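Pasting the structures in now, so scroll down.
Here come two complexes built around chain A, the first alongside chain B, the second alongside chain C.
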Partner chain A sequence: MSVTSAPSQPAFRAAHAPWIAGAALLALYAAFMGDLYGLRLLTQAGVYALLVIGYQFVFGHAGAFSLAQGAFFGLGAYVTGILGTKFGWGFLATFPLSVLLPAAFALLIAAPVLRLETHYFALATLGLAQVALIGAVNWESLTGGANGLVGVPRVTLFGARLVTGWPLLLFVWSLVAVGGLLAWRLTRGMKGLAYHTLRERPLAAASVGLDGGMLRATAFVLSAAYGGAAGALHATTLGVLSPEVFDFSIMVACLTMAVVGGRGRIAGAILGAVLLVHLPEWLRGLEQYYLIAYGAALLLVVILAPDGLAGIVDRFWRRGRGRSETLPFIPASTRGAHVGGAALHVENLAKSFGGVAALDGVNLRVAPGEIVGLIGPNGSGKSTLANLITGLYRPDRGRIRLDTTPIETLRPHEIARLGVRRTFQTAELIAGASLIDNIAVAYAATANPSLPHARSRALTVLAEAGLTSRAWEEAAAQPAGVRRLAEVARATVRGPRLLVLDEPSAGLTEDERTTLVRLLRNLASKGAAVLVIDHNVPFLSGLARRLVCLEAGRVIAEGTPGAVLADEAVRRAYLGTAEKKP
Partner chain B sequence: MNRILRTATIAIALLAAAPLAASAENVRMPVLVPITGILALEGTSQRNGAVMALDEKPGGVEAGYDVTDTAASPETAVNALERALAQPNVVAVAASIFGPQMLAMMPIAAERKVPLVTISGTAKITEMGNAYVFRFFPTDAVVKVAQARYVVEELKKTRVALVYQTTAYGQSGQAHLMDNFKRLGAQIVFEEGLAPAVKDMAPVLAKLKAANPDVIVLQLHSGPTALFVKQAAASAANLPIVAGSAMHQPSTAALLEPAELKGVCAESGSSPISGGSPAMEKFTAAYRAKFNAEPDAFAVAQYDGTRMVLDAIGKGARSASKVRDALATGSYEGLAMTYKSDGTGNMAHDAVIVCYNGSSRVPTIVKRYAAR
Partner chain C sequence: MDALTLVQLLLNAAALGAAYALVALGFVLVINATGAVNFAHGDLVMSGGFLSVALAGALPVPGIVLLPLVAALMAILGLALSAAAYLPLRSRPPVAVFISTIAVGVMLQNSANAIFGAAPRGGPPLAGDGALSLGGLTLDRQSAAMIAAAVVLLAATQILLTHTQIGKRMRATAQDPEMARALGVRTGRMIALTFALAAALAGAAGLLLGNRYFVTPAEGGSLMLKAYIAVVIGGWGRIGGAVIGALLIALFESVVAAFLSQPIAEAVLYAVLLIVLFVRPGGILGEVEGRRA
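Right, the complex of A and B next:
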């Protein structure tokens, strides 16, 4: 077995060392400093840690600004509270229901709510929390109204009631450990990369076949389950329950913990919860002025540590610790690769925006193994055509087929899963990720994706593009040409059946352009159909065997590059006159 | 050398013993009240009452204290209580006026055997068999009887429009008022719960007038009470208003013009600014000087409760259990009334009705209802 070496990837154990040390410190603090008051605070911090770990799914990973986490927390608390006080159920019986009911509720509302754009989504989820609060206050016969419920049963394990102090602390933090481990497994590797892509570049996510809706819904449901679990623990550790659990302040605390601790990080959730539970207590002696000090402290953290405290720890720890990682060599024909090319058939395609016809009766065919260049002046409909083929737009009329499969009604990720890949006018690279991971994410929508496998394949393509030395560098820090080539590499790494490139040569140096031509020809030689949109006519003439020219949403010329460039209509479209040579 | 060693040993022994001696003497009564959040106004009065009593050191009796804000959540109150109880020699705690916070703190107080001295109006806190709760403000079972009796027996009104807050305070009072009006033969012709955030009272006033009541009975917090009274005056409802204890608070009356207060009455445990005794007038003057604010019944009740604890300490109760016993079995002549436990921790059994005459923000006590 050959191996491939990539520079500057931090090793797993080294990366996690500060967190293991942090956990040990926390345990030491509890062991040596914790009186009953200290143990209660740590127990409470554990409850909030679980809440925030869950919130990281939807807010940190999926990037959806949900304000419903407080409502799920309250719902879980009331399930345990009501079943415990009114029906005498023990915690071990109520806990699973406290987890499942909020999750089921989230599943029910996910479809309509997650369709909304960011701020509307936030408002809708805030509305849910308010409805829950009103319900808790006014449904007195069930919830006890504003007075709430008293005597929520404590946890009983093997016949022993877990009292406040060490027993309850260990129980809560055991659940935090289980929850944290589960969250880590659900968001590490390719899954984490998929969520990162969805959050930072939703278009790029769809273009590699990731179902953003499903990912967001999964995150929403998971966050609700964790919220419910935290709520159940809150009810049982406190022993009483009142509508304050639905109060917006819980949601604000959760959000603050996630941001201060570090968005998307499990360690950040725990750090944020421990800090923000303790901070008001440390400042409580200031009486009514403690809120000013509390707010100032939070403001300071947010300004000085935009990635949260966990981000600071990571940054300091990783500084100068990069080292090479050995990746297994994966032959090109192994899993994840699309097999063979496919013909693109576009028939009588039309699309209007308001009263403006962007495309009007366009016909186009790209055969397997063929490279077709699409030219036309600005506003002629080239990018609209690319967006229609890849599902970002729905046509008003006409058909698009991949071989015999109609794709005009499919969603972007469904089309991508058929082997259609694309690049964008502005390179859609994922900020906060390395170049290698920007390419590896192309495998995120495959069955049982493996990050080492994907990285290995990504490294091979990076080598073909001459970018090996930059593999672990931050994508956002790369020059325009490198970014462009990296996006092409992502689109080609799995050997697409149809590749649609939107202005791939823009910003490339001559050498980079040569590399691009080599990559695309190599791809076509393996059977892929390639449609290249570009303004650089000499580049396209050298690359494509056939050119198609669009003007005002219609095909005005089609044929060999020489024939198209000599066409009077094309020259008129580009230059405004047929007398001069283009 | 031996002399130096002996001196050093004695010095170390004295230093080591000093905290023990001090801890045996310096008892503590932490003050855990909401000075921010929804009950900030009432909680501040409660704080001031407790602090005033503790700072006075009556008869030289001293108890150390810290004031901790319990804000608006039971969780915060529990943390505050645990923190307070982590200190040595806590003999009693001045505990939150906010019912849900009391309900959360009570099991801990019982477990640690430390009495809670509160003015919370939530009925449930003295209905749970907890021997460590002592309430120095008359419960709804007292003041709501007075409020309903004043409406029916004194004002001779029988068609009641009841507007209450959808909070623990509001819902508890509403339940008692409903029972008492029913018992007294009055009819509830209109009833509506308002969230504390509601600012526009016009819709509820319009609906209320359509029900044709002859009296409006309020069970709202301070701010909503002022808003309701102001908008009722502006709408020329021309109906007498008998409000809950929030209306007796000078801070509530300060939000209104004297003319807007004409015909408005309120129940309360006391009304310090209305005078009534030289001791009460002395307290009011001292309170104004110390806090630059007007005292209300909550301040007086917490003051009286704290003074009863200090009185017990002065009589030799140097531990939490002895203070609890003194509160449970003794009686105390306070500023507002004589306090004595009914066996469940309810110490206050008298109520007053105060009314505004339309020319001043200082109400007059028009009726006293003593325990029957």
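Right, the complex of A and C next:
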């Protein structure tokens, strides 16, 4: 399984059992092993746990390789440090600012940074962290320079200063509990599935109406807020502060904890933090070499256990337990369904790539309830047309309207939200998720999405497609025909107003093809406009009343299947006779 | 600042740039071969620096004599790096390699720290100390030797990549691994060799830099960042671009540091980088067509 593979959705309560047991063990450990030094280490582990829980938003869920988490940590630490030492603010006053300032900063840079590709994103976030480090060392009047700040105010609660021992530990770990709970609420169920889809299949995410940019920015800002909170706790628990909080080694520690614990997992974040903070103690015999062991641990986990320790625990725990789940009975509802059909109008559409015209003045109409087949030789512009209608490309000229709404300037997820659905030439199924969740994600962009409701709807369409028995199976392991039908099911589950299918019949068995025809006819009978691109002309002729033939970016014929197939221009386009059209 | 000082400054910048160019060259070769960033690259430079410190302690010969030895030993380290941190992760997304090379970097840095301590160490001079006099201009031997050695190594790499069977195979692997495999090239081996070459160049740069700029265990990060930035300036995946980018960074750093200070020079460099990335998200010159990242 790949590093980007999913945090699996806990399918049943029992999945939490090992984690509850683990938390109890940790509490016991603290209660009985806790000399003052031991308690200090556990407190430090709590600070890191909060940092890593935050990092899981951007790294684990949004799948963005951010190297700025250490910088947010340092920023939060210095906000508390500077306000506390220079202005005498108490911790309870500085803490909210330590959370808000990094979050505000993240919000400010989210838009330009998050549109960068992986390697540039990593570099940009690393560059930001370096600037912060240089600033902390050199802006001496504010930060105390390399010497740092001493006398950072301690937490004062109910008149008691929490300097060390149990009170401080409990304070830090209650914040970890609050932070963990909040993170769990923000990423469980449908929200987690939405991030999973975005990470694995950004195109599929947009095609069900998810705004990837917004989701990623949210994750980035949340990460920063948690990082700032952890930084503030770090400063106050130590009482002193130096530019080392901006050091790359903190970022590496955070990354290591996330990867070793389990990417995207809250339990993994805590496990990773507790383990790696104690690692130096356990490896004390190695003296200064323990950091080498640290690197080796990271390397080994990346290679051998890409899902981290949390993934291992889950696999071990789930072995022998079926993943069947009884879904709550939810009466048929139209919640999240699109209403009625819509007419597609394409007028004079043109698109060139590097001076080569892919489409050159195409006109096309699909009425509500109508199924139109789009044929044409390879390279005639069929997929380009699908990508223009669904917003993946912007046209050079021409218009696309859904009923009366112009959509040619909208982004893919905005078009999807109008009730336009599509499938792709190669099915965009999410690896690491079940078939049922691949379909349930269609509801992720609705108001107040509920995973049980979405799954129960998904199960209905899976039954219509004859795939009930495979519902809980891993999507990536399915044969091509099943994958394709599942993608069609995802596109149809909410009853789209316009459906665009790119080569749906490729790789289907005869039975599956019959199922597909039935599904599409059923959809059209409810009023949806359906545009089907396919190479299989007999299949299309049986399905569509009207065919449109593209060649070299232009419509060369249009009409009933019989008329189009008899058309001289069509025959020439396909059979390639060299006669010139008179 | 008079003209003579300016020329002196530019010569020093050229010497620094020559070493940076070797660093950036190895960095971009690995990017092209693997589609991933080698975060341990700066630590390879650092390792080469400490290797030359250690060898100079054992063999009292000029650095230029040690250079082939350092490069050869570093090539072996490069092979080990590819075996540990890249080849097991070939079928994974690039981020897995980002993380594994960070892990190796941590190991290298802390090994150096454990063996040599955190204090800066001076590497051997390339060809003795002292200065060469050219007209009114004094060019110190170390700068001249740095430039000469780097030019020889850059030229040798160019010849290796374009005029030898093995270099052509390495380039084919970087350009289109599927096609190369279909033609019978053992791509895994070529990628391992690319790592070896990159590490050898990095080690050479470490030796070149060690005398004038000292070696510290923690310097890897900022060297890697400079190589990274050089590749952004030169266009992702462009070999010649990375070399030019490295020269520009050295020039920028030397000039700004001369007028202001080293930390300010570095901060301004990162700030410029961020602005460039925000304004041109595809890099200054854009990516090489069809390159996966």
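Note that in this section the second predicted complex is superposed on the first by the 556 of 582 C-alpha atoms of A that agree within 3 Å, B and C clash if a C-alpha of one lies under 4 Å from a C-alpha of the other, contacts with A are read in each partner's own complex, and residues count from 1 in each chain.
Everything below uses one rule, namely that a residue touches a chain if its C-beta (ideal position, glycine included) is under 8 Å from a C-beta of that chain, and two chains touch if they have at least 3 such contacts.
Predicted, not measured: the structure shown is a model, and the values here were computed from it.
Undergrad: Quick one: chain B and chain C on chain A, clash or fit?
TA: clash
Undergrad: Looking at A:H234, would you say it contacts chain B, chain C, both, or neither? Reply first, second, both or neither.
TA: first
Undergrad: Scan A:V259 for contacts with chain B and chain C and give back first, second, both or neither.
TA: A:V259: touches chain C, not chain B.
Undergrad: Considering only the touch criterion stated at the top, classify A:Y294 as touching first (chain B), second (chain C), both, or neither.
TA: Touch partner of A:Y294: chain C, not chain B.
Undergrad: Can A:E281 be said to touch chain B (first), chain C (second), both, or neither?
TA: first
Undergrad: A:S434 contacts which: chain B (first), chain C (second), both, neither?
TA: neither
Undergrad: With the two complexes superposed on chain A, say which partner A:V131 touches: chain B (first), chain C (second), both, or neither.
TA: The answer is second: A:V131 touches chain C but not chain B.
Undergrad: Among 24-32, 78-86 or 114-122, which stretch of chain C shows C-alpha clashes with chain B in the combined arrangement?
TA: It is 114-122; the other listed stretches have no clashes.
Undergrad: Which chain A residues lie in the overlap of the chain B contact set and the chain C contact set?
TA: 134, 137-138, 288, 291
Undergrad: Residue numbers of chain A touching chain B in their complex, please.
TA: Residues in contact with chain B: 35-38, 40-41, 44, 134, 137-138, 140, 145-148, 150, 164, 234, 238-240, 242, 244, 247, 249, 280-281, 284-285, 287-288, 290-291.
Undergrad: Would you pull the chain B residues touching chain A in the complex into a rising list?
TA: Against chain A, chain B makes touches at 35-36, 66-69, 72-76, 78-80, 82-83, 85-86, 99-100, 103-104, 107-108, 122, 124, 128, 166-172, 193, 195.
Undergrad: If you look only at chain A, which of its residues touch chain C in the complex?
TA: By the definition above, chain A touches chain C via 2-4, 65, 112-113, 115-120, 122-124, 126-128, 130-131, 134-135, 137-138, 248, 252, 255-256, 259, 288-289, 291-292, 294-296, 298-299, 302-303, 306.
Undergrad: For chain C, which residues are in contact with chain A within the complex?
TA: Contacts found on chain C: 31, 37, 84-85, 88-89, 91-96, 98-100, 102-107, 109-111, 113-114, 221-222, 225, 228-229, 232, 236, 263-264, 266-267, 270-271, 273-274, 277-278, 281, 283, 293.
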